[in-house]
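Look for chain A in each of the two complexes below; its partner is chain B in the first and chain C in the second.
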Partner chain A sequence: MEATKANAAYSAGAEDLGLLRKKLEKEQRALRIHAFLKNKASVVGLVLVLLMIVIALAAPLLTGLSGTDPYTNAVTQRLQAPSAEHWFGTDDLGRDVFARVIYGTRISLFVGFSVSVLAGAAGLLIGLYSCYNKVLDAVLMRICDGLKAVPSTLLAICLMAVLGPSIRNVILSLAVVSTPSMARMVRSAALSAREQTYVEAMTCLGATPSHILWRHIMPNTLSPVIVQMTFVFASAIITEAALSFLGAGVPVPEPSWGSILSQGRTYIYTAWWLILYPGLFTAVSVMGFNLFGDGVRDLLDPLSH
Partner chain B sequence: MKKYILKRLLSVLPILFIVSVVVFTLVHLAPGGPAAAMLGSDATMEDIAALEEQMGLNDPLYVQYFRWMGNVFHGDLGTSTTGDTVTNMIQGHFLPTINLALYAMVISLLIALPLGMLAARKRGTLVDSAVSVLALAGVSVPSFLLGLGLMMLFAVNLRWFPVSGYAPWSDGVLAHIRSITMPAVALGFMYTALMMRMTRSSMLEVLNSDYIKMAKAKGVGEAALVGKHAFRNAMVSVVTVIGQSFIGALSGAAVVETVFGVPGLGQLIVNSIGRRDYEVIQAVVLLVAVINVLINLLTDLLYGLIDPRIRVS
Partner chain C sequence: MAEQKETLRVDSLSTSFHTERGLLKAVDGVSFTVGKGEILGLVGESGCGKSVTSQSILRLYDEKYTAHYEGHIYLDGVDLLALSPAEMRKIRGSRISMIFQDALSSLNPVFTVGSQICEPLMIHQGLNRKQAMEKAVELLRLVNIPAPERRVLQYPHELSGGMRQRVMIAIALACKPELLIADEPTTALDVTVQAQIMDLIRELNQKLGMSVMLITHDLGVVAETCDRVAVMYLGQIVEQADKYAIFDDPRHPYTWGLIHSIPQLDGDRTKPLYSVEGMVPLLSQVPQGCCRFAERCPKATAHCREAMPELQEVTPGHWVRCWMGTGEE
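Right, the complex of A and B next:
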């Protein structure tokens, strides 16, 4: 009788503790989000990122408003300055620059998103498994060192030269370029998590290595991975534009910001709009992701600096 | 110090080996193999087979690798599809790129060090915020975009600089500087931002340390405090950024050179992509990677020189 009572009291206490813990966690989260929102720079970043996402998603609607599309050539209307008919002017084939810049947002964000997800996933896999097997570690980390020795822009150009221009290859090349530093970072976070006492305790309790790896070590590496992913996103947008500018990225006639800018280079004396608008979109979206990334870092990893 | 240098020198060898393997592998990733990729889509099977035989692509990969490495050590980097030797082509394109990258570094350092230190000294003021905004712009505006903007403003509208082209030293110092200033500013802007951030944060860290407070308490003046006591310690982390920036500039030059028509390594690589000239691409990537490894080595040695504690560990 006494024992059941004590047990009931105990479990009630445990329930209270669980509730308290949940409440505290919730409060802490609210505090962090509050801090994120109080930082003007992160909010500007968030707004810019959301704006770009909305533009990308609503591209057909927006070009519906302007009544133009990114692919129709109209040689009679080539290189026209911005007007009521063509908001951002036309390019050397008479295509509407507004529609091309708007659809270019889709390409840039798609490339940025795919690259950061691929690099994040590959970095997690490589980083986590290399911290659990010495031989694998030596092999994988040496490959990463070798890839990191080639500067990223050059490596991306070289990969594109070998694979040939296409959106899929741009994503693949940029993911290869971004993975080594991601893997290095996951590995160091995982190594320090592995030294924790609770991991030792889990091992003693008979947990399998893969259980420990994925359920207990992996969550510790997630914050730096997410932070790094936002920066990979930003640099993927830049490098994609650079590759397309060189003619080694997204193939014509797809509307990439980089390839519009490359037309702008050719017609620099006459067609300023071919540089201003795609340039503005590139800079603003990269800045948005950089600011957002800084904010996310402060949110997830307040001790980082 | 001798032991430290020797240790670092030896550690470079395995990295160089891995780099060469990675570069070798990259070119062999081409769909259908390098020969098929070089000849393009209208090549017949016989043509491809003949070229494969001629290039020795039928040998096992490791044989090909060692033959390539053997040639590299003899200074033979291969033959371009234009018929010229790759060594010749690189020699012809090397100087503009090095000049451009060095000039970009000089401009970056001249702007970044004083501004970074100023921002650290005036922390939290308007000056500090202005420097932060400049740093953010630096990492957000890609070099080729800034280059196009500069070109539009200073070459097309104001006509202060030529739109494009490159004047070597032999054309006179002034012509050289004029032709290379805009590309160098465009290339260096991002690294200016990175160095500025680094200088600011490491300066702040050092200024907060006890020995600086001690020096201040003993009445050391502002100039000596920042210039003599804090500067050297703050430089340790800045030196790494300088090394990495130089490498970044060498590789980023590919895009800036295309914007401004500078006949450097970058333009060589971009033109080689169109020609499917894999031996040239392979050689340039290898060259830049080796320079990268050597600069990292140099940075580490400089570390040891600046901060004696690093030599010991």
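Right, the complex of A and C next:
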């Protein structure tokens, strides 16, 4: 921004070139978007992701349309098949499955988003500082190794057992589970950036180590972090569903996809709709985020073309 | 020349590295001075310790795990090796600057060149971004980059090789350093651009009165640019003299070999070009207790293999590390 002003102040002749530059940037952006759109899989992913976000945001609106809500029990209407009144049928307590699945989208996306942001931030911090100090590196990386040695779902269950079931704790434990791989990735990207001559050149200019770390190494690790965050998003959704299915996740009566599935398990032979819809939503959203992540990776990583 | 005020005095500097094979000395007792406004050339084959010497001056190696320094490096009478890391950081980039061989990898690909020229100004002179950006434009003009107000907005990959090296020089000059260390600044460039960059360095040296330490293996560049030359072999200085003395009257067989392995325009084209036999030995296999060059030296005698010669002054200002240096040729 400041540069643009300096540019204008220094010569009038450069102004049209500034315009040219903007035009070029626009062109490049268009090219990238075109490349993204050309990849059918990532477009499908993008559409699914957007669809899920819209569903989550418009949940009250959608349930208003169907005239139902996710919490009201109606014992007289239990285990009804999908109909004009209950689009996805009702469960064993007579609650509307459509409303529950729609509200479940909110929980899943909230959990996925929080976990990916938390794990991204923690991974960035741990990864960067471990490339900065050898002792810290050894300590942090051994902790990460230890966390990675335990299967992630199992670790998440353990953490939930210790912390007690609540949405906040689900987010916390999933963030703990996803951070080690994020930290490892940041560390490797940071290590390779650290060996670049421009880092040495910055040292030659008298920059402090933390200045170099945050202003010069960090930006070079961001794109893998963003890509990894989309995958953490997807895996957080599915692990949250698994935890809730096992009763170690989002506490009832909150409508999590996993707990809807879990309750429906008993009636699997008589009420298929209890299994199909939450299962479908889980599968579709996870697939959407994974396809989207692949697309973002291709976009950000020039080597993968 | 010797009367000139010194900017830098390096006094028996040794740099050793901790490796799997133990402590290896890459630079072994190197002493030299760079006078005010002088251009000193540091030449030698790959692996002879030129770059290690220059990076030791800025203390760029990690002293905790990697390297160990001995000796003294005086910048205007202050011993750099005795400074704390924070004090050292104040020197880097403001009083001593360095430019590297490969300008593309020396520039961070994610920032515009303008913002990278701003960095030293913001670090050392406490300018804000806007002031620094205006200064950056001036600096780019100083290093003869056309349309500097446009270039500051561009990214390193958008510039040509010569342009990038100019940007590096602009960054190095930002705080008007007393000493510029140029580590093979033109190796990655083609010959025409190389000449332009060398001209620029010489011009700035004269205009700003800045001392330059030029590290290179290109004797042609040395002949054109430097005032004085130090020749290094295996971590030691083997010959140090005025540029003319080095080229007209090389006393060390290694210097002689280097000079004679350059093709001459009027040379005899039927004879193969001279080359210094053998290879630079690995650091762990440096010959001890004898002249380090003895194995490759065409004139080596038994005495050369038994004792290490010291640097001795053969004519005023001309120092040679050879048993035969004092005699004819």
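Going forward, the second predicted complex is superposed on the first by the 274 of 305 C-alpha atoms of A that agree within 3 Å, B and C clash if a C-alpha of one lies under 4 Å from a C-alpha of the other, contacts with A are read in each partner's own complex, and residues count from 1 in each chain.
As a working rule, a contact is a pair of C-beta atoms (placed from the backbone, for glycine too) under 8 Å apart; a residue touches a chain by one contact, two chains touch by 3 or more.
Since this is a predicted model, take the numbers as computed values, not measurements.
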| item | value |
| --- | --- |
| Contacts of A:T208 with chain B and chain C, given as first, second, both or neither | second |
| More chain A residues in contact [chain B versus chain C] | B |
| Which superposed partner A:I226 touches (first chain B, second chain C, both, neither) | neither |
| Chain B versus chain C as contact partner of A:T197, first or second or both or neither | second |
| Touched partner set for A:H216, first chain B, second chain C, both or neither | second |
| First (chain B), second (chain C), both or neither touched by A:R21 | second |
| First, second, both or neither for A:A58, with chain B first and chain C second | neither |
| First, second, both or neither for A:L79, with chain B first and chain C second | neither |
| Touch list for chain A against partner chain C, complex | 2-7, 9-11, 13-14, 17-18, 21, 134, 196-198, 200-208, 211, 216, 219-220 |
| In the complex with chain A, residue positions of chain B that touch it | 14-15, 18-19, 21-23, 26-27, 29-31, 37, 136-137, 139-142, 144-145, 148-149, 151-152, 156, 163, 201, 247-248, 250-252, 254-255, 258-259, 269-270, 272-274, 276, 278, 281, 284-285, 288-289, 292-293 |
| Residues of chain A that touch chain B when the two form their complex | 142-143, 145-147, 149-155, 157-164, 234, 238, 241-242, 245-248, 261, 264-265, 268-269, 272, 275, 279, 282-283, 286-287, 290-291, 305 |
| Chain A partner contacts - residues on chain C that touch it in the complex | 58, 60, 65, 89-94, 97-98, 100, 102, 105-112, 114-115, 119-120, 123-124, 129-130, 133-134, 137, 147-150, 152-153, 168, 171 |
